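What follows are several structures.
In the two assemblies presented below, subunit A is common to both, partnered first by subunit B and then by subunit C.
Up next, the complex of A and B:
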């Protein structure tokens, strides 16, 4: 049971990470800064609950806000230039954040214990949940509550004008610009939103694992974050969730018996999926087919009644 | 802390010498980007993989040390061609995300194969000239780095000759400017792109071997830093500008040497990355980039 809850925990956190990349990918931009925002969320909310002994909820909120603020700051110079430059700029940003926390040492005495980030040793004492009598099921509940809130928000975004604007920028920048859309503003807004989502994810991650260090926040995690929405497909938020379940649940957990070879398979799988389904697993055609099927099923039920 | 001018110039010299490796990697990224307007993130990894192949030819086949500098680049060229077929050849032309993502997958795959085969532990690589160290006035110069630099200059000259003096180079440049028009003129664009990947791969293989020889060890941990530095060089030089990539390579090397002296090894890379952001804010097209803001 603990094992199963652990998997749910990982899938939840990774879904948040994937959704934060999804939002920016809608505008056609690939950002590897998500792991930087994730790290900022993790460290800021961790520092607030550990050093300043805050409650978890305001700490998560401030962590998410800080991550969003940095996303906004990075967004301006990075998104003024296009596409591939952004990949380079965001990799650099994530590495700056990682190296900053790698060098950050801020040890203080709280209730007779020395706590806080300890540069290369990592940040070890994020025990808010254990100290306040939360059980694992509550933690998993909180993570999935956040996942559902974010997914609903992103789904709702597609029902209103803002979603159409995002997708318009992603489909054809020139056409979107000609219709009077401010490209930079839309992209920076998407970047900021993605930063907030990643910040929430980071805060939840830090508190559910009780320990973070700079090794957690390498570029590998950023590539995971963008691979979920790209492999899942950008047509629907469900694609990201499906990809996370497929990669974390099936490949990482299900193939544990294969040991080392699992990582080899991961790389090959990405190449294979991209060649066979460049639009992602859950692309437009499949989504239409599913809708038709669903429509036929409900029609059939009505006819029976 | 106080530094006199000797320390500063010394670290600049070391940095520029080392920067020739970055220039080579940046040149490879630029070639591929110029040809297809797509980024091959597995490129530096293929160079490191080539260096491993070179090292294997020494340890397993017992060939003389210099042979590593033949086997390595050739293997890297073959890997470059494989990467072209795996990640770029069959992708829809308008789709930028899919090939980029596939090349990230390839980066992991190459890295994991290396980690799997070596159990993740670094291997020592034979140095070119271990004892060559001489003084120029007050400044010390590492002989092996000087050879690395000379070697890079020769390679760059060869690439320039290939691009501007041969029919192959004409085809490559035509494909890079207007793929459809090039196809209509009878240039086999797919073959041209494939050749570019092989050429870039060979360059990467040389860079990988030179890096391993000057550092003294070969480790999968080298791939990501080399990838990132190569990308930074490409952007600072101006995407698609060959001359820019070469100059930016030396400049980034020099800046790195200076930051190493002033801020120490743990913080060095932070400032290199901040340098990139300075360029993005004030000169988004890089040193020699065209004003056309293409993807």
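Up next, the complex of A and C:
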């Protein structure tokens, strides 16, 4: 049971990370900065609950806000460039964040114990949940509550004008500009929103694992973040969730006996999807087919009744 | 109506427009001819606020458009139909039309809905394909959609960048008939074209742009009498 809950926990946190990249990918921007925002959310919320003994909810909110603020700041210069240059710029940001936390030593005596980020030794005492009597099921419940809230928010965004604006920018920047869309504002807003989502994910990750260090926030995690929406497809937020379940549930966990060779399969999967389903697993056609199937099933049930 | 004076636009050290001055009168179709690399698209982008000018001035109905940026220029009433149509391929025809009204406020939802109905009346093929992804339309249909999308912003003047490019002769005829009809309905149009023969059917005034400079301006009759233009653009000897 604990093992299964652990998988749910991982899938939930990675879904948040993937959704943060999904939002930016809607505008056609490939960013590897999500892991940097994730790290900021993890450390800031951890510091607030551990050193300042805050409640988890305001700590998560401030962690997310701080990550969003840095995403906003990074957005302006980073989004002046596109494609590979944006990838390089955002990798650089993530590495700066990682190396900052690698060097951050802020040890404080709280209730007779020395706690806080300890540079190369990592940040070990993020035990808010255990100290406040949370069971693992409650932690998984909180993570999935946040996943559902974020997914609903992104789904709603897609139903209103803002979603169409994001997709318009992602489809064709020139056409978007000639339709009167302010490219910089849209891209920076998407970057900021993605930063907030990654920050929430990072905060939940730090508190559910109780320990983070600079090794946690390497580029591989950033690669995972952008791979989920690319593999899942950008037509629906469900695509990202499906991709996380497939990669974390099937490839990472199901093929654990293969050890590090799983990374080869992960790479192969990306190449296959790029070639065979460039629109992602859950593309427009499949989504339409699923809607029709659902419609038929619902009609069938009504007829039976 | 649209007045452009000594416009200079550069890409880094390269000057693409070297002091362009043109005038587009209200109710007219003003055509800019020119070979590839003349700076026609750069001029369109600068007028639409997509590129920033280095020097010179642009004004529409007496209001300066300098430095406003694309969203504000569109709100001032200048809409661009870019070259190669550039529709939002994954969005439906209907969503593309809504995209043309992004600059309209939410309070104008009823007006937007009316405008979409008007577009469907003007372009019946778009109504027939309203829920189809725009990327699956033919080239001519995409051009109509790009045009309709630009009209959704209720412009005072429409900038059309080479609407005939990449289309078959029959479709080009259809597009030019639409341009003529739009103009007869009162729309002022600034048209960039390489197809001078077609442009002569609709335009009231011509400019020839070459290497970033205006090298000719005149009426259709003056254009037809110019030997150089006749040889280069009208297939004459």
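We adopt the following convention: the second predicted complex is superposed on the first by the 299 of 305 C-alpha atoms of A that agree within 3 Å, B and C clash if a C-alpha of one lies under 4 Å from a C-alpha of the other, contacts with A are read in each partner's own complex, and residues count from 1 in each chain.
Note that in this section a contact is a pair of C-beta atoms (placed from the backbone, for glycine too) under 8 Å apart; a residue touches a chain by one contact, two chains touch by 3 or more.
Remember, predicted model here, so these are calculated numbers, not experimental data.
After overlaying the two complexes on the shared chain, residue contacts for A:223 are found with subunit B alone; subunit C is out of touch.
Ranked by how many residues of subunit A each touches, subunit B and subunit C are led by B. Judged by the touch definition given at the top, the superposed model places A:278 against subunit B, while subunit C stays out of reach.
Using the contact criterion defined above for the overlaid structures, shared-chain residue A:92 touches subunit B, although it does not reach subunit C. After overlaying the two complexes on the shared chain, residue contacts for A:100 are found with subunit B alone; subunit C is out of touch. Legend: residue contacts after superposition of the two complexes on their common chain; A:5 is shown touching neither subunit B nor subunit C. Legend: residue contacts after superposition of the two complexes on their common chain; A:153 is shown touching neither subunit B nor subunit C. Applying the stated contact rule after C-alpha superposition, one finds that A:267 touches subunit B and leaves subunit C untouched. Residue contacts after overlaying the shared chain place A:287 against neither subunit B nor subunit C.
Listing the residues of subunit A that touch subunit C in their complex gives 161, 164-165, 167-168, 171-172, 174-182, 284.
Residues 48, 50, 69-71, 74-75, 79-82, 86-91, 95, 98-100, 102-103, 133, 146, 149-150, 153 of subunit C touch subunit A in their complex. Interface of subunit B with subunit A (complex): residues 33, 38-39, 41, 86-87, 90-92, 95-102, 104-113, 115-116, 224, 228, 231-232, 234-235, 239, 266-267, 269-270, 273-274, 276-277, 280-281, 284, 293-295.
Interface residues of subunit A, counted against subunit B in their complex, comprise 25, 28, 30, 77-78, 80-85, 87-89, 91-93, 95-96, 99-100, 102-103, 218-220, 223, 226-227, 230-231, 260-261, 263-264, 266-271, 274-275, 278-279.
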